[in-house]
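Notes for the one structure printed next.
Think of it as A, B and C in the order they're written, each chain with its own count starting at 1.
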Amino acid sequence: MSGWLSVRAIAIVALLLALVLLPVHVELGGSRFLLTLFTRIIILALAAVSLNLILGYGGMMSFGHAAYLGIGGYAVGILAHEGVFTGFIQWPVALAASALFALVIGALSLRTRGVYFIMITLAFAQMAYYVVAGLARYGGDDGLTIYKRSQFIAPIDLSNKVQFYYICLALLFGSMYLVRRIVNSRFGLAIQGARSNDTRMRAIGFPTYRYKLVCFVIAGTLCGLSGALIANHTDFVSPAMMYWTRSGDLIIMVVLGGMGSTFGPLVGAVALLVLEEVLSSITEYWQIILGPLLLLVVLFARGGIDGLLGKVRHG
Amino acid sequence: MRKAILAASAALLLAASPAMAQQKTIKIGFISTFSGPVAVIGEDMRNSFELALDHMGRKMGGLPVEVIYEDDGFKPEVGKQKTEKLIESDKVDFISGYIWSNVLLASLKPVVDSKTFLVIANAGPSQIAGELCSPTVFSTSWQNDQTPQAVGLYMNQKGVKSVFLIGPNYAAGKDMLAGVAATFKGKVIGQELTTWPAQLDFSAELAKAKAANPDAIFVFYPGRAGVQVLTQYAQAGLKDKIPLYTAFTIDELSLPLQKELALGVPGAQEWVNDLPNEANKKFVADYIKKYPGKKPSFYGAQSYDAANLIASAVAATKGNMSDKVAVQKALEKANFKSVRGNFRFGNNHVPIQNFYLQDVVKKGDDYVLKTVATIVKDDQDRFHDKCPMK
Amino acid sequence: MTLFIEQCLNGLQFGLLLFLLAAGLTLVFGIMDLVNLAHGSLYMLGAYFAATFAAWTGSFVFGVVLALGATLMVGMVVEVVAMRRLYGRDHLDHVLGTFGLILFFDELVRLVWGPEGLTLPLPSWLNTSVPILPGVDYSAYKLSIIVVTLAVAAFLYVLVMRTRIGMLIRAGASNREMVGALGVNIKLLYTLVFGLGAALAGLAGLMQAPILTVQIGMGENILILAFVITVIGGIGSIRGALVAAIFVGFIDTLGRAFFPDLLRMVLSPAAASTAAPALSSMLIYLLMAVVLVVKPEGLFSASGK
């Protein structure tokens, strides 16, 4: 643990405060678009947090994490399309569907390792992408507009932007806490042990395959939650949200922010999406700046932004 | 047009007086694709919209105009996000643009909910003309099915008995193939949809069409895919064997790349660069002057009309955007000089208009599109009955 | 039957073309252990160079030759400037860094050549179809792609199996430290291998150019297919890449050709036409998943990693 007055601690506290106070700023006359933008950032940060659990702590390089975004989103979209609007059904279905998908592909993929694991998770995500793109009833390639957001009991109203923002923020903080608890538990330590030396962990008597699978399912389920949120945020789901480049975006957030750190994925999501927004407003050719910037982060800032800030990483 | 210029110059004089120093700005958001392989379409739309603003002295009804261009990146969800930004953050009075049906359908809800006036400059999914029509939504293009319907009629005239249809698997692609089938009296002996926009190799589909041996093949491939489909059509040895009919596949943007492959391939369009009316002559001539080496396409013509339609409504309401009903009524009148000649709206705010047969001819070293015939006069889309507005 | 033969040839041609891309990937992957997402950018550059040089020189053949040289050079420069620093790093770093390179190259091409894209017109002697069997005509250009790629495959085989460089490549793929310990100039070897991979990618790109035209981002979809092939074939194995590429080419083309008709037997025509293109694209990934579940290291794993 770094000291409470380190640059890193100050930066993170400032970021969290800014996120909590953002709606106040908007109510006081700030641009409403900021609220929309940051709701999206927070939801994607939640997805990045879930990816960080397997990527940063578990060493499982999933290149198909966007599949759960799509599955969670389509669970909400398809149910809404069929006239089921209550979130008490939509959300559990979204979580269960993601968990089930994670269980199946995890069970098969975890037999491989290294680059093969990257590619097999990619393959499963692409398959999910094409299945959804083939659903003529639900818009196929064009996607599906959601005309009513998930309904909960009063006073919860997801159409209220400020309320929705705080719900997303609360779920994000909750997930970060959950991931932290998992990582510091005996289970989490075993997972991290398996990352550095799988054979030894097995020799000590940990069933690492089963542990990793459970971890994989938890991450998938959390990401499914993020998918349900993003469907409610955009009122629209399309296969594009599970295309391989989206999985790439999530990886970038995690690595950019700092792998294996509690706040890293959040920092990465904010940094990447704000950077995109700012650069694209400066020049139409913004990718020519972002591209080399990513390369530079990889080359010179191991541990991502979080690492840069503190030079101290949480295990 | 002249009216607009008069109004603009009058306003210039007024603006000089201190009493009018504080005046409102008309804000227009314009969404199109400005990045990636189809950015060339977005550029043509922006160029034409800018040219229209130049022609009206960059004022509408005497008020200065600010246009905010946003890139949809060819993706429905990005288009929706940018639409929300224009409405919430920029608080625009009008939104225009939209090339792609799927981007438009994704973006429609926030526009309609916020009662922002929308003037679609290209996309024409059947829903917008039918059950999803709205008092605040207008189009200066067409409904997707209309153009291929005209192609179907033309094939009947040519005595085509059987056709094989190939198109991309997205909202407009399905509309297009349905449009041909709606008017074509012969037999549709095969139909293939391809993954959009990822699939660019059509050899498997063309080989099937060849094996089915139809009288004609119909394709719809907008943007860059139009070049690929013509190239592969020739490479498959089909060029002299089975005649090709198209919709939105050959235009001024793709022609410099298609060249002789497009010679003798007919297509239908509601606007051609040689339509004989004053507004069109001015548009085409000034476009070529302002953007050397470029030629306007129908995408541009529709955007030019969109700007003029918006200007006519602003002028009629004297820039009072708060009276939504008055603005709507003014837009419905379509009191402007369209580059396609006569222009009027149907009950669903989709134009009732002529469709022309266009062909490619060689002019010196250049390939140009020219009008050959009028296929159908005053055509109204077949979904307007489903629109509750009367 | 004619249709079936034609579709098989289409599948073979596409598969062999994918092999060119996958061969470069698998070499770089196997020897330097580098996941190079920017491989597709080199494919794109090959096509842009060929179109530009062919327009300058007025000759298709000259254009192709110059473009090959240019992509080779770009590949070696990229290796020296960026890739070299990524060796030995985590695969995730590779993914992130080379993803950045994709963005960079896409925008660079847009700045230099504009967003419109280019065409690479074929000389008339290639733009025809020739009879290959009585009653079956086939595109002369596609036939020539098959011939050229088979020749390149043979060249690679000889290079890897019969020459000193090939020996080092093979040795490098199975044991990097050992090759270094033998006093071989590893740096130079790596630069050469990367350049070779780039040239192969460029060759694939410029050969696709007359069929698909030249445009920004053209390498991104095909890149994933090339990765799939590399993995199915087993990382580092040229032979595996060849077998897997032909498999994937056939499955992709035949799937698109005949799958919709099969689907129409079980689904309504409207649902089938929407579902077919999506589901036939899925077959390749299904193949990869099945292969990896059965053989977690691909069909022909070159190394024991």
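We take it that contacts are C-beta pairs under 8 Å (C-beta built on N, C-alpha and C of every residue); 3 or more make two chains touch, one makes a residue touch a chain.
Owing to the predicted nature of the structure, the values given are computational and were not obtained by experimental measurement.
J.: Would you mind naming the chains that touch subunit A and likewise touch subunit B?
T.: Neighbours common to subunit A and subunit B are C.
J.: Based on C-beta pairs in contact, work out which chain pair has the most and send it over.
T.: Counting C-beta pairs in contact for each chain pair, the top pair is A-C.
J.: Whole-Å distance, subunit A centre to subunit B centre, using C-alpha means?
T.: Going by mean C-alpha positions, subunit A sits 38 Å from subunit B.
J.: Suppose each chain is reduced to the average of its Cα coordinates; what separation in Å results between subunit B and subunit C?
T.: Result: the chain centres lie 37 Å from each other.
J.: Between subunit A and subunit C, what is the separation of their C-alpha centroids in Å?
T.: Centre separation, subunit A to subunit C: 32 Å.
J.: What are the residue numbers in subunit B that touch two or more other chains?
T.: 35, 169, 195, in rising order.
J.: Residues touching two or more other chains, restricted to subunit A: which are they?
T.: Touching at least two other chains: 133, 140-141.
J.: For subunit C, write out the residues touching at least two other chains, lowest number first.
T.: 110, 274, 276-278, 281, in rising order.
J.: Touching subunit B in the complex: which residues of subunit C?
T.: Interface residues on subunit C, with respect to subunit B: 2-3, 6-7, 10, 14, 110, 115-119, 121-122, 127-129, 137, 139, 141-142, 210-213, 215-218, 221, 253, 256-257, 260, 273-274, 276-278, 281.
J.: Could you list, by residue number, the parts of subunit C that touch subunit A in their complex?
T.: Touching subunit A from subunit C are residues 29, 35, 82, 85-86, 89, 91-93, 95-97, 99-108, 110-111, 220, 224, 227-228, 231, 235, 270-271, 274-279, 281-282, 285-286, 288-289, 292-293, 296-298, 305.
J.: In their complex, what parts of subunit A are in touch with subunit B?
T.: That would be residues 31-34, 36, 40, 133, 140-143, 145, 147, 234-236, 238, 240-241, 280, 284 of subunit A.
J.: Which stretch or stretches of subunit B touch subunit C in the complex?
T.: Touching subunit C from subunit B are residues 35-37, 39-40, 43, 169, 174, 191-195, 198-201, 203-205, 207-208, 210-211, 224, 227-228, 231-232, 234-237, 253, 256-257, 259.
J.: Under the touch definition given earlier, write down the residues of subunit A that touch subunit C in their complex.
T.: Touch list, subunit A to subunit C: 55, 61, 63, 108-109, 111-116, 118-120, 122-124, 126-127, 130-131, 133-137, 140-141, 244-245, 248, 251-252, 255-256, 259, 285-288, 290-295, 297-299, 302.
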